[in-house]
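Below is one structure; the comments refer to it alone.
By written order: A, B and C. Residues from 1 in each chain.
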Amino acid sequence: MPQIASLQPHPDRLLPADPETRAIARRLYDAVRESPIISPHGHVDPRLLAENLSFSDPASLLVTPDHYVTRMLHANGVPLQELGVGQDRLTEAQSRRAWRHLCSHWPAFRGTPVRYWFDSELSDIFGVTRRPSEDNADFIYDQIAACLTKDEFRPRALFEQFGIEVLATTDDPADDLSAHEALAADPTWNARVIPTFRPDRYLEPAQAGWNDNVTLLGEVSGIDVTDYTGYIAALEGRRRYFIDHGATSADHSHLDFRAEPLPDNEAARIYRAARSGRAREAEATAFRRHMLLEMARMSAEDGLVMTLHPGVHRNHHTPTFERFGVDTGHDIPVQVELTRALQPLLERYGTHPGFHLVLFTLDETVFSREIAPLSGFYPSVYAGAPWWFLDAPEAIRRYRSAVTETAGFGRTSGFIDDTRAFCSIPARHDMSRRLDSGYLAHLVAEHRIDEDEATETAIQLVADNPRNVFKL
Amino acid sequence: MPQIASLQPHPDRLLPADPETRAIARRLYDAVRESPIISPHGHVDPRLLAENLSFSDPASLLVTPDHYVTRMLHANGVPLQELGVGQDRLTEAQSRRAWRHLCSHWPAFRGTPVRYWFDSELSDIFGVTRRPSEDNADFIYDQIAACLTKDEFRPRALFEQFGIEVLATTDDPADDLSAHEALAADPTWNARVIPTFRPDRYLEPAQAGWNDNVTLLGEVSGIDVTDYTGYIAALEGRRRYFIDHGATSADHSHLDFRAEPLPDNEAARIYRAARSGRAREAEATAFRRHMLLEMARMSAEDGLVMTLHPGVHRNHHTPTFERFGVDTGHDIPVQVELTRALQPLLERYGTHPGFHLVLFTLDETVFSREIAPLSGFYPSVYAGAPWWFLDAPEAIRRYRSAVTETAGFGRTSGFIDDTRAFCSIPARHDMSRRLDSGYLAHLVAEHRIDEDEATETAIQLVADNPRNVFKL
Amino acid sequence: MPQIASLQPHPDRLLPADPETRAIARRLYDAVRESPIISPHGHVDPRLLAENLSFSDPASLLVTPDHYVTRMLHANGVPLQELGVGQDRLTEAQSRRAWRHLCSHWPAFRGTPVRYWFDSELSDIFGVTRRPSEDNADFIYDQIAACLTKDEFRPRALFEQFGIEVLATTDDPADDLSAHEALAADPTWNARVIPTFRPDRYLEPAQAGWNDNVTLLGEVSGIDVTDYTGYIAALEGRRRYFIDHGATSADHSHLDFRAEPLPDNEAARIYRAARSGRAREAEATAFRRHMLLEMARMSAEDGLVMTLHPGVHRNHHTPTFERFGVDTGHDIPVQVELTRALQPLLERYGTHPGFHLVLFTLDETVFSREIAPLSGFYPSVYAGAPWWFLDAPEAIRRYRSAVTETAGFGRTSGFIDDTRAFCSIPARHDMSRRLDSGYLAHLVAEHRIDEDEATETAIQLVADNPRNVFKL
């Protein structure tokens, strides 16, 4: 092994190894590499940009809040508290310790997308030129920390450097969207930062806090939510408020995809029971499934694109959840079913003009079996980008291989980063562009499409698909 | 982009891009490219050949009846009525309009097998040299329409040009098979066009029309079907009638694979209840599963190869079904299970001499998990070719990759086009030959088998496997 | 075809075909090809080595006991009795006949790992230089039979020639481990042959013989197993006995992964009912799932690595089972679920220091969906090597592709041959090394990791991972 290993992301990284195919892929990638980033769904906090404060320290920026990173370190023996998880603000010693854990466990990330994103981020944003290791952890820490003190590393400067054209955040229906308002009102800020309506916690009576959440919803919307009619009106009102603030989509994440209607009086009865804490589990589930259908109805009426992100067993390890809270790396996928689950919804709204439904999954088996056939018939249905654990090179290739033959390229959503790791946004979009260029080059090299078609498709995947699908 | 894009299917299309592997694949493909086509299962109407009338117009031939095509256009915003779906005969204006929709949505098919088949059909059969587009839609329409007036584009002439040696159709048990008889009696016609026994609608008491169907079965067979014994005898009689007309297989498509015996008196009881319209849903399901087992018993006795095509939720979008009928592009796959479902059937007939069971799936997960292990033990079980949505290049590669290691090449059925799109038959078989050549070349290039073995296997897959599996 | 086909395994076999990637893979493979074999889980009989008798004949060594081989011959029409299955000892005529069946069906194995292992075994161990066929079956038989009479083909000599450093066998809790004791006490024998605790048949009250097995367990352990407390103590005692004889792991194979606690008094009640033959099926299942959790508790306490091999429908074809017994080629995989099934177990022991849980599957869909996310969070969970039907080149590639991006290389178990085919051990480990070298080379060729990292990882997969995961 070399004494000092360098960190130099290769210009051809992720392009196919076969020389002929690689040459085609390079040309396709060149056509999209500099295109602006459209991020129609993600988890960046809008206050980050509204306030534009300097990032505090390397670990708080790159390690602690990123469950992709912390779960792998945890699996490799680092306790979450060593990484600052669950703490508000890290001291320098704490940040440095967390950073050292990352660097000394660098080999654990080989072959993972986290490694790929980090390589790009460290090199392209912070100018790091050495591969992280236990030995150089402090050196790199200091290098990044020095950057973070400079104005060109504040959120807005990075946002512009990243070439982001649209960034959608994910927001609670009760949020007043003041950060979005501030950005929109700021004459020095031109980029589009828009909210997304994320109502899950108002739709699941079985979840802790539902009752308080609904009460809050009533207060924020100024509508009496004593009965079901008011509850529906309050949700509709908040959707309108979000639309007025630029939202184009609503995001839904539940355990399953099922959407099943209840008669209105039955929905009203369960609502009353749930509000007084007397809904049984089966009733709560029925209500949630009914409300998913209601959300589709509202989307058909008000035009908010509906995205569905289901199929995760959240907080698998109770002791970790109790100590560190949600999103700490132990959400584990489960098998999902769409064909039957979505039938009642698609029966009603599948061909409704302007209704858009974007389907995500962590269960790859439904790509070719269910998502592609559905999006290859229903004009409203789009195959969402590979999500979460599947947002990775080999998984993205499997996605294109599984979806394209049945649904083509035009029925896919375009890339969605879905990240709270702000600095990883350009690396993620770049990864997607490289992989799509490679997949298209593979079709060209096998004489399945011509290169001019591949070029046009590569551009559409980056520019047209997300704009059309998310109505941007 | 070039001003005028050409349509020139490349001689090496679908062969692997790596130069060394491609060279091997070319040699393998050369050994099978001209072999006669054996089509042991499909949906071409035998009257097409018996009557040998000219095809009426381009859209009626290539667009309207092909749900692979119409579903994708529908997904991309073209209403089915714009494509002539549900109409008996198209006016020229209607045909032209449908054709224009196809051409103007040509990019929607990039990366799909429909595009691949069309490229071959348009070029090889109709001499089209330009890539379809909105601009040249009428030009190409006229070119095809002019062809269709000529004698060499009548069904029988095309059949011979395609090099088809055997074509199996799919037929209702009540069919008198007069078209097959006419062809067999015609001294000017030498090719083999044989029927296939497809009894689904007589086996599912829960399906609309079952009672009338069974009454018809009794009439056609001349057997009193008042009770279960007569019903069984009538089915056996019609199988015999089909065998006498050249049939070698029976095709079964149900929602699931399950085959479960009922005691004879219980089967008889449910039969009587169903005939008088009083069978409950659970009874109807039990009866269907019992009858699937009965079909296996009959196959073991009379020798008809049993093919199973299960796992589709038919007619997913009710409004489309009600307006346009069945097979209009919204049949959506569901997950299937075979190991337990087929255990009672294989326990009884799995090692029965002469019993052949060909298993198809739209749920790829069962390829390596269930179909390959079953066909790698039971001498009766064959892994059917990739079916429907899976009859596509990447899916076929996944099939070979998933099945071969556990079951070898000899336990697979050989290619089955299963199509009603007559003109796509040569392109579909050619696609399969290219892909199998590529897969075998990959094994040779990695020194896993020798090239003489690969050549022999390529030939067997095209000639021996379908003949042996389907007893042709 | 050539008149006489040769058998010459190519030095580059299984390495990627692309020249640039192949060159990298060759270098990586060179770094591990000669490393000692660590086999932490398999089914070689320890008496083979303790007694060190000559192998009797080619078929008894290479055909009859290997269900990978016999099932494929059976599928291709050879009755199991023709292969000697179910017989104690073969006459020369019987052995020769079985061997001829193998050779005349050589083409049936094309593209399967059995073919790959045989090529290596025949060439590397027995010096066979011709591809087996009907014509040369007797010639090759004689060649192998002649080898088997020589001392250098006795088990211990082969063991040393194979370069095996550690071999774990699989043993019944009631076994006195005298073969292991004999080997450990033998001053002429230096290699490590260790037992594995395999308690399935003591944990499933629904299985035939359970009651007798438990009685035996009580006798062997010298503990009164009249009640549940004694039964638990007897199991703990036998684990301790195995640990004292070198065991480092316990192996568990059940129909599903589910682990669910029962209250102790309920477990005691079912135990008593089962002992008196009055446990209902649901109770027996609940008891088994409770006992799986108990096994995890014991592993957390005594440190035996817990391996789980579930998801097989055993003895699918009853007539074959009744005539020939277990392990005769008709065990068929079923779908499995881990996320929910293992939650109670991981909730309790997932972060327990020193607890190791290695997960195997025959249902590939759980690789990316469940196994990788679990092993990418829980420090105790490791993704087991591709098992049984999946221990094959394409399946191993799918495994690395599905697992690595979410869990990295470090969370995988390293290769496990799990075989009773003694002579296939080196070929199996060699296959794994070639494939991992190819996968790593693919990452290097796409500039995702550097070559020094790939080299280090290749070595770790062969040396460190199995040692660390199995505590060797």
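Criterion: contacts are C-beta pairs under 8 Å (C-beta built on N, C-alpha and C of every residue); 3 or more make two chains touch, one makes a residue touch a chain.
This structure is a prediction, so every number in the text was calculated from the model and none was measured.
S.K.: State the superposition rotation angle between the two copies chain B and chain C, fitting on C-alpha atoms only and giving a multiple of 5 degrees from 0 to 180.
M.R.: 120
S.K.: When chain A meets its copy chain C, do both sides use mostly the same residue numbers (more than half shared) or mostly different ones?
M.R.: different
S.K.: Distance between chain A and chain C based on Cα centroids, please, to the nearest Å.
M.R.: The computed centroid separation for chain A versus chain C comes out at 40 Å.
S.K.: Find every residue in chain B that makes contact with two or more other chains and list them.
M.R.: As it turns out, chain B has residues touching two or more other chains at 18, 365.
S.K.: Within their complex, state which residues of chain C touch chain A.
M.R.: Residues 18, 20-21, 337, 339-340, 343, 346-347, 350-351, 365, 368-370, 372-379, 381, 401-402, 404-411, 442-443, 445-450, 452-453, 455-457 of chain C touch chain A in their complex.
S.K.: Where on chain C is chain B touching in the complex?
M.R.: Residues of chain C touching chain B: 1-2, 5, 9-10, 12-19, 71-72, 74-77, 107-113, 115-116, 131, 313, 316-320, 329-335, 362-365, 389-390, 392-395, 398.
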